[in-house]
Amino acid sequence: MKIVTFGEVMLRLSPPGVERFAQTDTLDMHFGGTEANVAVSLAQFGLQAAHVTRFPDHALGRAASGYLRKYAVDTQHIRYGDGRLGLYFLETGAGSRASRIIYDRVNSAFARIRPDDIDWESILAGASWFHWTGITSALSQGAADCLLAGIQTANRLGVPVSTDIVYRSNLWQYGRTPQEIMPALTAGCTLVLGSKNLFSELYGVVGSTFQESGRALMKRFPNVRYVTDTKRKSISASHNQLSAKLFDGETVYKSRIHDINPITDRIGTGDAYMAGLIYGLLTFNDLQRAIEFGTAASALKHTISGDVNLSTIAEVETLASGDTSGKLKR
Amino acid sequence: MKIVTFGEVMLRLSPPGVERFAQTDTLDMHFGGTEANVAVSLAQFGLQAAHVTRFPDHALGRAASGYLRKYAVDTQHIRYGDGRLGLYFLETGAGSRASRIIYDRVNSAFARIRPDDIDWESILAGASWFHWTGITSALSQGAADCLLAGIQTANRLGVPVSTDIVYRSNLWQYGRTPQEIMPALTAGCTLVLGSKNLFSELYGVVGSTFQESGRALMKRFPNVRYVTDTKRKSISASHNQLSAKLFDGETVYKSRIHDINPITDRIGTGDAYMAGLIYGLLTFNDLQRAIEFGTAASALKHTISGDVNLSTIAEVETLASGDTSGKLKR
Amino acid sequence: MKIVTFGEVMLRLSPPGVERFAQTDTLDMHFGGTEANVAVSLAQFGLQAAHVTRFPDHALGRAASGYLRKYAVDTQHIRYGDGRLGLYFLETGAGSRASRIIYDRVNSAFARIRPDDIDWESILAGASWFHWTGITSALSQGAADCLLAGIQTANRLGVPVSTDIVYRSNLWQYGRTPQEIMPALTAGCTLVLGSKNLFSELYGVVGSTFQESGRALMKRFPNVRYVTDTKRKSISASHNQLSAKLFDGETVYKSRIHDINPITDRIGTGDAYMAGLIYGLLTFNDLQRAIEFGTAASALKHTISGDVNLSTIAEVETLASGDTSGKLKR
Amino acid sequence: MKIVTFGEVMLRLSPPGVERFAQTDTLDMHFGGTEANVAVSLAQFGLQAAHVTRFPDHALGRAASGYLRKYAVDTQHIRYGDGRLGLYFLETGAGSRASRIIYDRVNSAFARIRPDDIDWESILAGASWFHWTGITSALSQGAADCLLAGIQTANRLGVPVSTDIVYRSNLWQYGRTPQEIMPALTAGCTLVLGSKNLFSELYGVVGSTFQESGRALMKRFPNVRYVTDTKRKSISASHNQLSAKLFDGETVYKSRIHDINPITDRIGTGDAYMAGLIYGLLTFNDLQRAIEFGTAASALKHTISGDVNLSTIAEVETLASGDTSGKLKR
Amino acid sequence: MKIVTFGEVMLRLSPPGVERFAQTDTLDMHFGGTEANVAVSLAQFGLQAAHVTRFPDHALGRAASGYLRKYAVDTQHIRYGDGRLGLYFLETGAGSRASRIIYDRVNSAFARIRPDDIDWESILAGASWFHWTGITSALSQGAADCLLAGIQTANRLGVPVSTDIVYRSNLWQYGRTPQEIMPALTAGCTLVLGSKNLFSELYGVVGSTFQESGRALMKRFPNVRYVTDTKRKSISASHNQLSAKLFDGETVYKSRIHDINPITDRIGTGDAYMAGLIYGLLTFNDLQRAIEFGTAASALKHTISGDVNLSTIAEVETLASGDTSGKLKR
Amino acid sequence: MKIVTFGEVMLRLSPPGVERFAQTDTLDMHFGGTEANVAVSLAQFGLQAAHVTRFPDHALGRAASGYLRKYAVDTQHIRYGDGRLGLYFLETGAGSRASRIIYDRVNSAFARIRPDDIDWESILAGASWFHWTGITSALSQGAADCLLAGIQTANRLGVPVSTDIVYRSNLWQYGRTPQEIMPALTAGCTLVLGSKNLFSELYGVVGSTFQESGRALMKRFPNVRYVTDTKRKSISASHNQLSAKLFDGETVYKSRIHDINPITDRIGTGDAYMAGLIYGLLTFNDLQRAIEFGTAASALKHTISGDVNLSTIAEVETLASGDTSGKLKR
């Protein structure tokens, strides 16, 4: 099975351990982006995963591709050109001290992407899934246009589409509002991750519960078959509790609650959930099992440094089945 | 507002992470000293903070000054001369294994300081606060003399004076007892941090409760307006609970209790409290808020490696207001 | 007092911190082996400890000896020859992610050992204790033969013998079963560490409780005076609870339960228990105190990276006495 | 253009910088093998390069594939199964101290390869070049058989074949001599790298000069169109001089002499030459230019840590054209 | 003596040692900018040095200030506001492999500076020297305007002004040419560093030798009293030869030639020369001595990692006097 | 053969690579002392070597012993007690920048040694050699007394004694001059390393050449059979030339000149020479071969980080025989 994802990949720079920016004189490098993170997860689960993006045509852009390839993502559809490499600086917190991100992604090579850079027809041919997020639509008109073309191609080819609609207000600097852009994109989706507040804010779709809100979303966008959301209780920067819900228009499936302590790296844990859920939907004929797989994948991601989940199917299934003991495997 | 602190600054050498001395072949460098730690904290809060000390006139002494300057402390009043750089070796524990310190500070350049090295009149002119601790008075006659001159100058100039009276019996090697030296120094203070046992041992001031003991101290030293103390419950080397009390002669203010888990670095957390409290007293017209600010500052310091608290006002206020969630800040 | 241990020592290679094999590009080096780990622990407690093994005659084999010597183990009886250095790759887990080991120990220089390589008579002369484990007997006929010769020599010289009978089914590749080999070896022992399931599987000795099973073992092997076992509750890879039991034919002694959180390194914690118990049996005239010392030693080992326990007697006794506070020692 | 290479890939473990095995407690990880090194070089030059090998089916085997993919090598034809990962330990020298290697590659997953593991027909379809070395033929009968099948398939498909005949006498442990195995393999080659001494020892082909020896080799193996060899003068471990010769049956082409100082990493420099030469033969219609490209590639490899040459075409061409200035590129 | 410098400071990110971008997963952090580098050098020589710039108002901008303060530069005139932190990525070469820089400085907080951000009157009051470079004038209209105001203020206050006119064509993106901007700025200078080619290109000032060209420049800009230039012979990325010339309108002073091998870090070596020369002009009444001091300072900078020269006066004078022995100082 | 050495061992702390004290925030740890360095070298050559010293009785003193044991030095005669661990801070230079040492060794546990701490009779029984240096005699009266007792015991037992008379004027703070102390110590020696200037300054022994001066020394101290000295030409901190002379009362033997480039670590290279020479005198019946072995050992030490020479006999002999090629050993 081949999965396609589309979006910006940034160089992440973070002080070692829990050092502060003010202290450090080295930075650890990772690469990540919400959609590429999904691709890496799925590649670890043994699926074919191709990520589509645009990098600057210099040694760091090439290194970003190398990072994805190392984790088994197909990089043949990546384009190279002008613009800079998007960056973000991450300071990892602990206990009562929060992690902090300084974004530095304006004017990236990805933001300069244009629809004719990408040949969706050939990329999506034979694909089993296409995934995008609301970050991409927020970055530039070119990115949003490119995305719309991708979703429409997927729809035409019968490739299921998923989205995490994440809304960050400090993005969206190119003169359009999410309310203008998101509905057309969401209309092509099969699976939508978002909260009822976001559904209300972006689509004017209202419901007093997760279920009602999901039902209203499905009414507005008839392609949507699944609505999902995660719930995180933040006891401290080192200790969280995580669970998820999935609604298929009939039933609300709820995952077990994972007690996550200590947290090694919180970034990309939502993407790990999404990847786990996609894997579950594609592989299991059991929505409860799919959501348990997704939340277990997300829980495991918290123990792994970097943006991407490097867990195997066996590890996820062990945890999904309720074995939290972390016993040494010889 | 300008704050002045006075005391020894040592080079701290510690194995990476929780390695033991017997294992390591590299040591992490930090610089710290109880009074300079207060200066750094206050500089991070945006106040002007000048530290007064004496370093050896070689590259490591200069590096110590550089460390303080990096964290925005004014180093223009630091003197350089003969003697060595005081050192301490710290092995950081975890869980049931305690942290350990090996001091190597005898014969330091600071211990050789003499009153005419320091021109207190010009240093304290225009200052808003002067802070010292019982460590300084324990190191040498020269340091104690120098300190007394500083306190007297502060008193003459109307600069409030605070002290943490910490008593370590293995210091005090220069032939005088704390009972001989401390009373005259404490007499000039506005704010005193210490326990009732210490008040009894050093000043013969007795009280069965924090409040009674504080009242007795104020009677003995009429300049003292505030008495404060912290309380730490050590569940393990990685998990502590912390709170503080403040008495103004009328009311005992008690902070919330901070549950601190995990602990990155416990050193300097008392100094972080003192700095937070001083900031609160200088800035808020609200003793409860001041003590909450001080304990939140101390709690945050536990998450930061090195002796000094690199928290910002916003971070401290978030925690002081009860938000312990450590949620990612984008 | 001189203690002799016998067994393979491997080079352990592990990614820094909790990195995964897929991510890392450096590996931390330690050396360890279940019997040598016991020797190191006992050397830290101030006893003379000599380890007997066989290394390849190259720079890494010499480095392995250097590692043991550094931690005060006598390496004069180590032999050098053909074969490779046994290796194991350890990926340290955290939270819900388990640690993993990839063994690469086949064809080691140790597995090629032959009885005439070792002059047990002179090595064990004057010794107070001899320790071996079921790993050694599983590696090769030569190792098993060598071991039998050692145990018989110890018995002849009146040197008490202990064993941890650990059974790993993926070892035992040389054509013999543990049921063929282990009984003769166990017959020479004074102290046996194992579970009732193992006693049943290896010796056909059955009992429904620890006590009954132990009594049956003592009946089968009259030399055995003490049977012991540890109990670990694995809440997560970072949080365990540990206790132990000791049976002397009359009474079952139970240790306190240690709550261990966080775990720095779980490897070698059983060996640390064994070493602590041996120390206790040799030094205290008090079985309860011995078992508390052993479990406290094991609990402390969890805080120390590498295979070996670098705790001092004072540290173990503090914890054995119930002080888990981990308070800073200046 | 697609290039195929075949051979073992080992995990290389080396102390940081010029540390000795006896000193270090971390090891840097690289992966390398003489044929895979050629594939990586060619992938850096923008060609498609697929490496065929067999790895153990565990996390380290997967990591080895990831390493190759990162540097743009196609890993789809890699097989996974039993056996261990071949290792080598490298201690890098400096000045008058030589570098040293401890090999630990016996019983690797690669040595267990069998001809029916590899479908040469489909792998070599459409390929422009196939490269192997004498290391592979030395490892096991299975590897030699597999190689012969590959060479024969390449010959049948008209794919040019190159070899570096490197002979290491301590390999060849499987009961056959190189004189038995190598001639049939070499017969299928277009390009052979070797010295006249080796030609004499392995094939009984004699000539008093490089040219005569090459001519004799071509007579013995009529498929051979090019014979090449490099010449290294070792002034110290940090300072070498390098050049190469190429004979096409008519003319001996000689490269310029590269003065290489300092040397960062000498491993894989012969492979870098071979890759550069292959690139030159495939791309330039000019043998002198090809050999200059090859030697410049090799010279640059000495400045790069690890086994593989990460130089770009532009970098190689700058040096091949005689610009040794190393001027900063902004 | 107080020196003022003005210009952008970037975060420099470079792989450890001579690793390539494609390989590394950590980056070393330094901060640097051609003018700030001069300030740091002069501060190391014991002068007061204040740098004027504008940083983003976030933790990395604050860290940049901390870096300058650590090395004794006065940061009180630094402004904070919107915009990003300029970055550059440096890959350090060796031998025949050149170092490479990827700039990422567009849209920096500094480029957004405006004249009314800086109160030159108070900053330059009492200053002994003001230094700027052609980089600043190339970044934005605001930076160029700000600079012109600074030079004019310096001229009015009688503060000598120096410049390094460095011209990089890929800067200058704001719609003005250097020919439009540079003459007015250069007119206010006392000391100009540049080549005769640059003088011709930027000012249309022509001369067939350094002396003639310098004389022509002085005719065009009567304020100019000194013209200087350095000469570098690049034998390899690790081995350079360096010398300098200084013309005072009458005599051409030539420095000795420094043979520099090995090179640790070539960045900032021109700035180190400029700082050394300024120090010499301010301190010695001897132009030959000044130029020897400048070139020795530059030669020493090649041995120091980062952009800034951390040499002391004593070290520079030892080398300037011809002692290149590098003998251990105890 | 058993060798005994006596003297202080210090903790050496140095920034990584060629970083400056002002820049670094980690320090590499080594332990070393001129006499212990000789012991380690000899232990690497396979001799039994015991070092006698006195360490503080804390974890760092124990770690110092562990460091010596790791390199096969017998530490059973080391004493533990009050006083601090002597330290030195080393900044390693490169090219024209000299290395620098800041000593911090006053009041060390070793300086507090007293003659009755050491039982020379049993330590020197059966020894083949005893080595000391002028550093020890300079540290304290106790150290000098202890040393005299050792030399006298060695003389009585017929154990040959060697010394490196190194004179550092900033030591000798305990009220005695070297002229008072050194003659009685030197009188007991067989082999003396020193320059004719030192012979003149310390013993009033004069000669215009190495030979004449040596002859005069032998006349003054009839026990002396060999006089030796090394000659170093310092081209830069990275490039030295080294040779040595040995005089046996009849002939002056001169070693070849070693061109050493690059230098990894210059510390302890004199001690490596001394150890090599002692080994040569004890093992070869050929003074020319002995001095070639000594200088080759010293040359190799320059390539090894830390104070101690970790070269093997085979490595030294390769270089002593004139093979400087540093060719890779597989």
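Per-chain residue numbering starts at 1, and chain names A, B, C, D, E and F are given in the order in which the chains are listed.
As a working rule, contacts are C-beta pairs under 8 Å (C-beta built on N, C-alpha and C of every residue); 3 or more make two chains touch, one makes a residue touch a chain.
Note that the structure is predicted; figures quoted are calculated from it, not measured.
Asks: Identify which chain pair among D-F, E-F or C-F reproduces the interface of B-E, meaning that over half of its contact pairs, matched by residue number, are the same.
Replies: Repeat interface, by the over-half criterion: C-F.
Asks: By mean C-alpha coordinates, which chain is most distant from chain A?
Replies: The chain lying farthest from chain A is F.
Asks: Weigh B-F against A-C on C-beta contact pairs and write down the one with more.
Replies: A-C
Asks: Using mean CA coordinates as chain centres, what's the chain A-chain E distance in Å?
Replies: About 45 Å separates the centre of chain A from that of chain E.
Asks: At what distance in angstrom does the C-alpha mean of chain E lie from that of chain C?
Replies: Chain centroid spacing, chain C to chain E, equals 62 Å.
Asks: Do you know which chain E residues sit against two or more other chains?
Replies: 17, 20, 22, 25, 66, 70-71, 100, 262
Asks: With touch defined as at the start, can you tell me which chain F residues reach chain D in the complex?
Replies: 17, 71, 258, 260-264, 299-300, 302-306, 310-311, 315, 318-319, 324-330
Asks: Within the complex, which stretch of chain C touches chain D?
Replies: Of all residues in chain C, those touching chain D are 13, 16, 20-22, 24-30, 58-60, 62-63, 66, 84-85, 87, 89, 91, 100, 102, 104, 106-107.
Asks: What residues on chain D touch chain A, complex-wise?
Replies: 66-67, 69-72
Asks: List the residues on chain F that touch chain E in their complex, please.
Replies: 17-20, 22-23, 93-101, 103, 168, 234-239, 262, 266
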